[in-house]
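Please go over the structures that come below.
Both complexes below contain chain A, partnered by chain B and then by chain C.
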Partner chain A sequence: MKNVWTVAANTFREAVRDRVLYNLVFFALLMMGAAILVGQISIGIEDSVIVSLGLTAISVIGLFIAVFIGVGLVSKEMDKRTLYALLAKPVERWEFLLGKFFGLVMTLTVNTAAMAVGLYLALWTVKHTLERSDAWVLVAVYLILLKLVLIVALALLFSCFTTPFLAILFTAGIYVAGVFAGALRTMQAVDISARPMTLLKGISYLLPNFENFNVMGAVAHGRGVPGALVGQATLYAVCYGAVVLAGAAAIFSRRNLK
Partner chain B sequence: MKRMLIKRVALGLVLVLGLAGVWQLQRKIDTQRERLHEERDELVLRSPKLIQRMSLEYAPLVGAMYWTRAVQYYGEKHRLHKENLEELWPLLDIATTLDPNLIAAYRFGSTFLSDAPPRGAGDPDHAVELLRRGLQANPDFWRLYQDMGNVYYFDKKDYPRAAKAFEEGSKNPQAPIWMKVMAAKIAADGESLETSYFLWREVFQTAQDPQIKKNAELHLRLVKVDLDLRQLNLLADEYERRTGRRATKMSELVQAGLLPRMPGDPDGYPYVLGEGGKAELNLNSPMLEEKLMNK
Partner chain C sequence: MATPAIEIEHLSKEYPYGFLNLKKKKSLEDLSMRVESGEVFGFLGPNGAGKSTTIKLLMRLIFPNGGTARILGKSIDDVSMHREIGYLPEQPYFYDYLTAAEVLDYFARFHGLTAADRKARVQKMLKKVGLDTAKRIQLRKYSKGMLQRVGLAQAILHEPQVVILDEPMSGLDPLGRREVRDIILELKKDGRTVLFSTHILSDAEMLCDQVGVLVGGKLRGVGTPGEMVGIKTQGMEILFEVAEGKKLPLLAKATRTGERYRVQFPEEEVYSALDQLKAADARILSVAQIKPTLEEFFMNLVEADRAQANAVEVSGK
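Presenting the complex of A and B:
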């Protein structure tokens, strides 16, 4: 586990050195602009739009980081040939992979937490106060982070067996498909025969269902999120993440690195 | 060194002059385009479901964007005194499909839709549809019943349905008692000036948007004029009953002790007695134009 932690800490340091956290400036400017503008160009949605804009920005910025940096975690090390030096040491391939994964998850956690603080500041600027219902925003941020964790795992999996370009395409594709995973299951109204329908249903359960982590609509309107949902979504992310990472480790262990 | 300096100055000049040129040209192009009176509010995508799918997980934000677009569309048309608001319903349809909890879109959107031109789209049917959808998604928000009642009462003049809407809303434990009173009063009397005054006062007192507040205030002033004129006509009838002839000037009612002083409209212009001794607005009063426009 020490090896995993060492790789994770280095990955985090590298991300900070690569100015990944610079996106926070963009986020801060976006939130400040929105806080000033929205009240003047719309009616009755000042609070809700700050929340939905903030959560969308957290999600989209996080997605970009998760996909682009996640895909580069392994390939960059291979391109720079630093991976070979590292694997010559007593570090297992799966430990390297897990370390990379946790390093990026740490980066995303810091990034997401900083953006959540920015979102609360913008909310306070607009409302001049914070209410108890605003605490649900934190739950939404937490669920977005869980989604990002899954995306990092997927990006890592694809980067283990294909080129970075294709890995980005696959990850983005799975993300979009995952958003519609629930819709695949409710397609019964369409005239499709039983066998393809069963297949579609099966696929819908295989795909990561990213709708599980989406509570933006409810939170933007100050509505609560059931604790059971948060707990189940957490378990879902852990289970799915473990499966994907195990697959990635298996593929990476067998990969010919010559 | 000198050459370097010249290069830098030249670069700076190109940047400054270039940007100034772009700015000036854009202003000129904007003026030209305005002259074309282009209708630029066409919606490329009209299917709310398709837009919902395309929004991925971000439908609430896209919904807020469409609502903002609806507000801007309404405001722009209002500013240019244009009455064709046919894009308003599709914009509201998309906004509320993307975010079914967007209360502001139901409340203000129904007002924009139901108000008669030039203030609104004069489309109370879609306003009712919008509010119905709002109530389906937010059954606990009793204010939507109030809005539904107002649309039926003021715009569709369908008093049984207006009474029903207030009655339904009054069943919500959070709804104030006047919802029940309104339901009973409208069911019994249909349209009355007192009811109209109360309903507009409620809108005026609770509206947060300046445009809605201003609209409610205008209606309140107009209903106040109608209430005043009705009262003055009753006094003129009383004068006729006492003297056997119809008063021709308002001052005669004052002299007879029926009025303490010359009565005036909300803008302070004195009311007059017109043809047949009927109370009317002063011809110089700005309220006259407003009243004619809102007939």
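Presenting the complex of A and C:
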């Protein structure tokens, strides 16, 4: 695991030096603007608007980082051939892959945590106080982070066997499909015959169900999130992520470099 | 019998190409060879001959379609054997957001060195490859030659038993090439095995105990540079200066460069030629044997290969 940590730490350093965390400036400006504007246009629902806007921004910014940097984790190393010297060291390919994965997860964790602090600051600016129920925002942020971790794993998987462009398309496609996976499972279609419907439902169980991680609505309205749901979502992300990473490692271990 | 440093048996590699990758191009065909421990082995061949393919196969960057290879007696599938190997990729590129010292420290971590040991070795290597003064500059500002030096430093940082260098002289100025040659000779002196690919034949002649010539993915010969070109002398060459206006029959055969004349004879005629020159008060600058060079040998092989390829094309086989 020492090799995994070494690669992860370097991946994090790369993100910092390549100014990935500069997106925080954009987030800070967005939150400041929102805090000023919301105070003027909404009465009584300021905190709800700020929480919704903040969590959506955390999710969207994280999504962009997870997809675009996630796809580049391996493909950039192959294109620039920085990987050659590294794989000549006593490093297993799966160690490299896991290191890159955890490096980006570290980056996303720092980024998401900083944005969460920004969100709380905006909330405090609007309400001039923080209540106990505001702690649920942290749970929502945690679940967003879990979703991003899964997306990084998917981006890594696709970048192991296809071009960066296609890997971005596939990851984005799976994300969109995954958002509707829950709806597909409960769909009661009148016009579709039984066999395609079963197939569709089967596919929906293979897709990552990103609805598991969406508690934004509840949290924005000050409602709590059941502990069981958080535990279930964590277990789901760990198991699904492990399977995706195992697949990525299996493909990458036999991949011919250029 | 001692275990060879590198042992390759029937290694072959095909690359798919064309629509749906249905066609295959042979990049390496049935390569078998060995590099003995402590030897400097030069891999020669024109571009596309299969030198880099062989090296990448040894480093498991690509996978063979057939055959096996062992380094220091261990299968190349065994990642642990990489502890004893140093590798310089062709036209190396490293993380450009790191400085030279940081990139070397990063690679050293995979060899389980302590922080103090890493620091000392990184310093030593930077000095050795002449990057001591540029160690705090990010690699994105480095020239090609400087990157080549970083590549060499990371390859020998952990004092490996076997050093594999893919075109180590590429991108270097004459001074840099000289330094790399010195490093290779130093590695040899320390008892390490060096395999390097090159198409600069003078480097191979100067450094190698053995050379292997690859052309069109096939190994065309292995031996000492002398064996490869043949040791038979083709004649003698005399370099001399003679006063203007002197009548000498051999001047008709000589080539003039500035004040100097160069003339070639069969070996048995050299003494009579020297007598003539002495009689004419010529100043003899050198008398040297004419041997075929590795370059001539190499060019003959490449031309023969091209002729064969053309013949196959014409006959439609």
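Rule of thumb we're sticking to: the second predicted complex is superposed on the first by the 252 of 258 C-alpha atoms of A that agree within 3 Å, B and C clash if a C-alpha of one lies under 4 Å from a C-alpha of the other, contacts with A are read in each partner's own complex, and residues count from 1 in each chain.
The rule is short, and it goes like this: contacts are C-beta pairs under 8 Å (C-beta built on N, C-alpha and C of every residue); 3 or more make two chains touch, one makes a residue touch a chain.
These figures come from a predicted structure and were not determined experimentally.
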Contacts of A:K89 with chain B and chain C, given as first, second, both or neither: second
First (chain B), second (chain C), both or neither touched by A:K80: second
Which superposed partner A:S48 touches (first chain B, second chain C, both, neither): first
Chain C-touching residues of chain A, taken from the complex the two chains share: 2-3, 6, 10, 13-14, 17-18, 80-82, 84-92, 254, 256-257
Complex contacts: residues of chain B adjacent to chain A: 53, 56-61, 64, 67-68, 71-72, 99-104, 107-108, 208-209, 211
In the complex with chain A, residue positions of chain C that touch it: 56, 59-63, 79-80, 82-83, 85-89, 91-95, 97-98, 106-107, 109-112, 151, 154-155
Interface residues, chain A side, partner chain B - complex: 38, 41-45, 48-49, 52-53, 55-56, 59-60, 176, 179-180, 183, 210-211, 214, 216-218, 220-221, 223
